[in-house]
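All chains are identified by letter, namely A, B, C and D, in their written order; residue positions are counted from 1 within each chain.
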């Protein structure tokens, strides 16, 4: 069985810029196929791994075609922020952001340009010697940056097209105290927790069908279009979002923020259904798992926000991995928080029974999952 | 004979905002009539006092109708910066500037609004108690200022019209060391010197006709229209401008600036004809008059600038009264500088002979003054 | 339509208004091809967002006989179905807007000046001195407050509309009335220029594609959408109803092949296949279909990778469990002004590409 | 004129250009009075500063038979003398501009885009999307660079003109060609609206005054000036030559009786007697003459005291030994745009006042 570090390293090495998630999706499909009864892909490319309800401990039953069990959706977004080629000028690559970057971190990064082949490059800028004093005092604007591939203009145009995406070239780095740093740990950390959760559920008795979902288009889409459409397709009774959140760090010392390594955050607030919150906290307490309560007045800025209002409304929860230096090249997390998030969700899922679904949904309980057959045809 | 202080007090009390010089002009016409053979007024309202050439000492000859003598023009502008009513709102007077103000000096000034009658008023502004911190740190803009006459809206509209002019209400104040302060000493100081010069010339033998000119529209007009048109009418062989200049003061310690009380400035530079400068300096030396040399690369920002290029060009000089706090309510000068400027010009005028005119003008010497008869018809 | 005409007559009878002379007839249009005449007519028709009736009726008349089904949905979208004959036929939805940018009166002051809100991304500072036209023919002139510092693009509150009124009572327009910009249609070689042109040229493309399409493989739903300028509101509703396998949005790509333009997108170099816009990253499968069509038809194309503008793609992509959505951008200079400019060759190439997609054996 | 028409024909024959359809005929103008039709014709005539031939010919034709002498001076000013019959007659000069704001091509780049300079106080930021028309009928669309931050009024370098060309060679305009703004004439009650209207309405006032004037006491020189928009260049030359006793400048007063206007000057409340403009303080004697005329004719008037704009007064006042100069401002909204707006009552009142001045027994 792979270690968490292995999983995370593999996940963070697979490019998956929003809307261009092919590589990371392929990896996830392979992993889901090992761990789920059925794997489906939505029209927009989100991956759904279904683990049917099974009330006995032991090896998985033969894959059932359908189920009347309530549905628990646990999702993590698979996409990452990235860059996109907007122009090629004299062999240099001009680019824009996909997702929300702190563009001050971009100068002097190594990057990979995903053209006809994957090309290593560096982000250059004018040297400080030639800058006016005022220029030295302000951060570089995106329009001043470019990528140098070492190619001639003609060769660059042959290998790279406008619209190709770019990722940072940054392998997972292990720090002290089981902490790791890399690009894209938002949200490869959540994905790792999702896979770990699925692994735990293999021989955990459960009254609900488990829908593990790796969603596309979280970082770029004001509509959270990946999560919205997958949730619409599944119409779950409960949806849990697994994502990262700001951890306490230098310059960000708000006491309300969780600390990395002190356990996953369990979110509370308008975006979280009280029943779901209570059940999550009970689960953490029962397993004596370190955890932290995070509070949001309204928008959690995660897929939880759109899932809550998808269809006729879904009771939603949010489990968070504390992360330092969000949307930088050195996003940093504690591996223990991932492991505990997976254990928390295992305990949560194991506890759910038919009464819970009824309690949440009243008489609207029995519903067939909508049109998944058609969704499956894609790709 | 009036003292210089009396003259200056009278001159500075007579309102004469650019383009609205009636009161000061009336005063000057009376003074010129005492001191000149002929007084004329140009179409635009400049006043010309002509003192014909007279080579013998003693009482003035009968007024000659014409003259073949060369013409010396000595001028000072009679107008002052002021304000103009642009609107009446709820009885309060809104205004704009005529001429170049430092509008930071306007709040809390006493003013005179020259409406159907002359009305005293004050310039008000919002009290500091109600201001935001940022507001307290920036100067008041002209649009935030208004004049309170203590009148109702209806009564204000009855007595004041849009287009009426406004002056500061500020009498001449005597300081130590024969220095005086007031509004409008730019250029009442020059006018006082001009009158004093005329007085000295009464029994000073002279080979040239003296044209003393008090000009309108210096402060407001990018064309120096008063000086230009008067000089065009007179077509003098030499023109001297009498105006004020920045004196050394706190915050303005440029060593090149003249000092108040150390004698008039004699300007040198592209705007001044070398012959005129030399003759002025010789005159000062001959009379052992304290004087200071002021230097201008090009534009002296006085009527000398336009007179120099009027018609086919006029050899021009500039004699300056050093003044502190230009265009404020407390313009400050030394009376001695006025007296010495007048003596300087007396000596200069007395020295001029027919050869000088020929030296300056060569064969173009004999010219009839143009169309003054018609100009005289006005007003 | 009758109701509207009565309103106009009422306004003319009672109020002073800039409504004379009448809009000029379609003069000198003989020099244009019938298709360009159609573009001209569409461009000159009144139809700001929410008031698309006249444009829709014009489009409906044009597509009569060209489709197997024509209907107007509850939202106001005009939908034409051309049935496909293929064995493995898919359901394809293609959208083009009916509406155009404009303004809507939000307030009338005592002196008869109107304040307005934007319908679409009109830039306030380009307006002073420009004109708009209301449905009843009344002309308004845009002005801007001079008091205070309204010198940035953002300060939209400082703008107003002068409809020739002297009081709120005699104003020939009412709060809620919408107006489009005023700009005559012009042609110069391949360049076409006019108000509302970026949208109406796309509508004309759909009409002309239906006209030329001999035999469709797939079921093609041509959706002429309403309210596209104010948040692409019509498109999502149509996608929810139609549940297409593929959606292709005809979009407007801001061409900046002019001095100091900050993108490399140009007029006449083919339509833009969108990698993304501000709100959507195009579905890879849809991009492939479009790319394949350009190969089949040997038409030039450009890629738009800038996250600029938000077209009708985002709500379509988000409909139900998700729609595979691509976008084909008609390059346009001077978007959202009275002088939008397009290249007739780009227009023709989009028709080629769409025809190829509709007739493709498989998708 | 022939030369110009040949040029236009050449441009049409060789180059693509936005020159179709042709400018619309004077339709629906029947509703206008003959005088307002004259204003309309003047407004619609091409005549940016330096290219006033067509307007001047129109004005010259209109004043034929109304003056004792008509001539065009070396500078291009059209001067009509109506001799006075009074014993104590004075020489009065009245000026109105022939020209209008516009632009002039200063550079053509390799792609056929034109850079331009302003003829008059056109505000760059109001231009994008607006159009101009060249003498040969070619239409240009104004655009603005998107690269960089050209978001203030001052940044005039960032604007350009799109004349529908694809290269400098096929551009239908040349460096130095001038263009006027495009804006149809409209009327709404007393309000008149159109391009060039602020100047042409003043020209029409002079023409109509000459037409109505039964008997002048004074010698009246009506000067239709050229190049007024680019520094009032024609007026000073005329004053130098004529040496009038009084000069009255017909000026344009920026009326701001709109939301957030920062002056109290309004349309329809009578012409403005100028206390000053930016470059001149009006001569008191001339102000008195105008004030007296308003009393005689019982016409309303306003006073403009703001030092805004610089009309033709300054160079006239400065001519020779000085000219007693006053100015009468026609209130105009949206000055220097394609939609200048004036009130027909103000126009009529200026005619009354001028007629009264010209016929006054003494001045």
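Basically, contacts are C-beta pairs under 8 Å (C-beta built on N, C-alpha and C of every residue); 3 or more make two chains touch, one makes a residue touch a chain.
Note that the coordinates shown come from a computational prediction; the quantities given were computed from them, not determined experimentally.
Counted as hops between touching chains, the shortest connection from chain B to chain C is 2. Taking each chain's centre as the average of its CA atoms, chain A and chain C sit 37 Å apart.
Chain A and chain B have Cα centroids separated by 80 Å.
In this assembly, the C-alpha centroid of chain A lies 66 Å from the C-alpha centroid of chain D. Residues of chain C in contact with two or more other chains: 262-263.
The touch graph of the protein chains shown is a line.
By the definition given earlier, chain contacts exist for A-C, B-D, C-D.
Of all residues in chain D, those touching chain C in their complex are 16-22, 24, 27-29, 31, 109, 111, 113, 115, 123, 125-131, 139, 141-143, 145-148, 150-153, 158, 160, 162-166, 181, 183-184, 186-191, 193, 254, 256-263, 268, 333-334, 336-339, 341. Every residue of chain B that touches chain D in the complex is listed here, in rising order: 18-20, 22, 42-46, 84-87, 96-98, 143, 161-163, 217, 220-223, 225-226, 228-230, 232-233, 370-371, 375, 378-379. Residues 262-264, 273, 275-276, 279-285, 302-307, 314-315, 317-318, 320-324 of chain C are the ones that touch chain A when the two sit in their complex.
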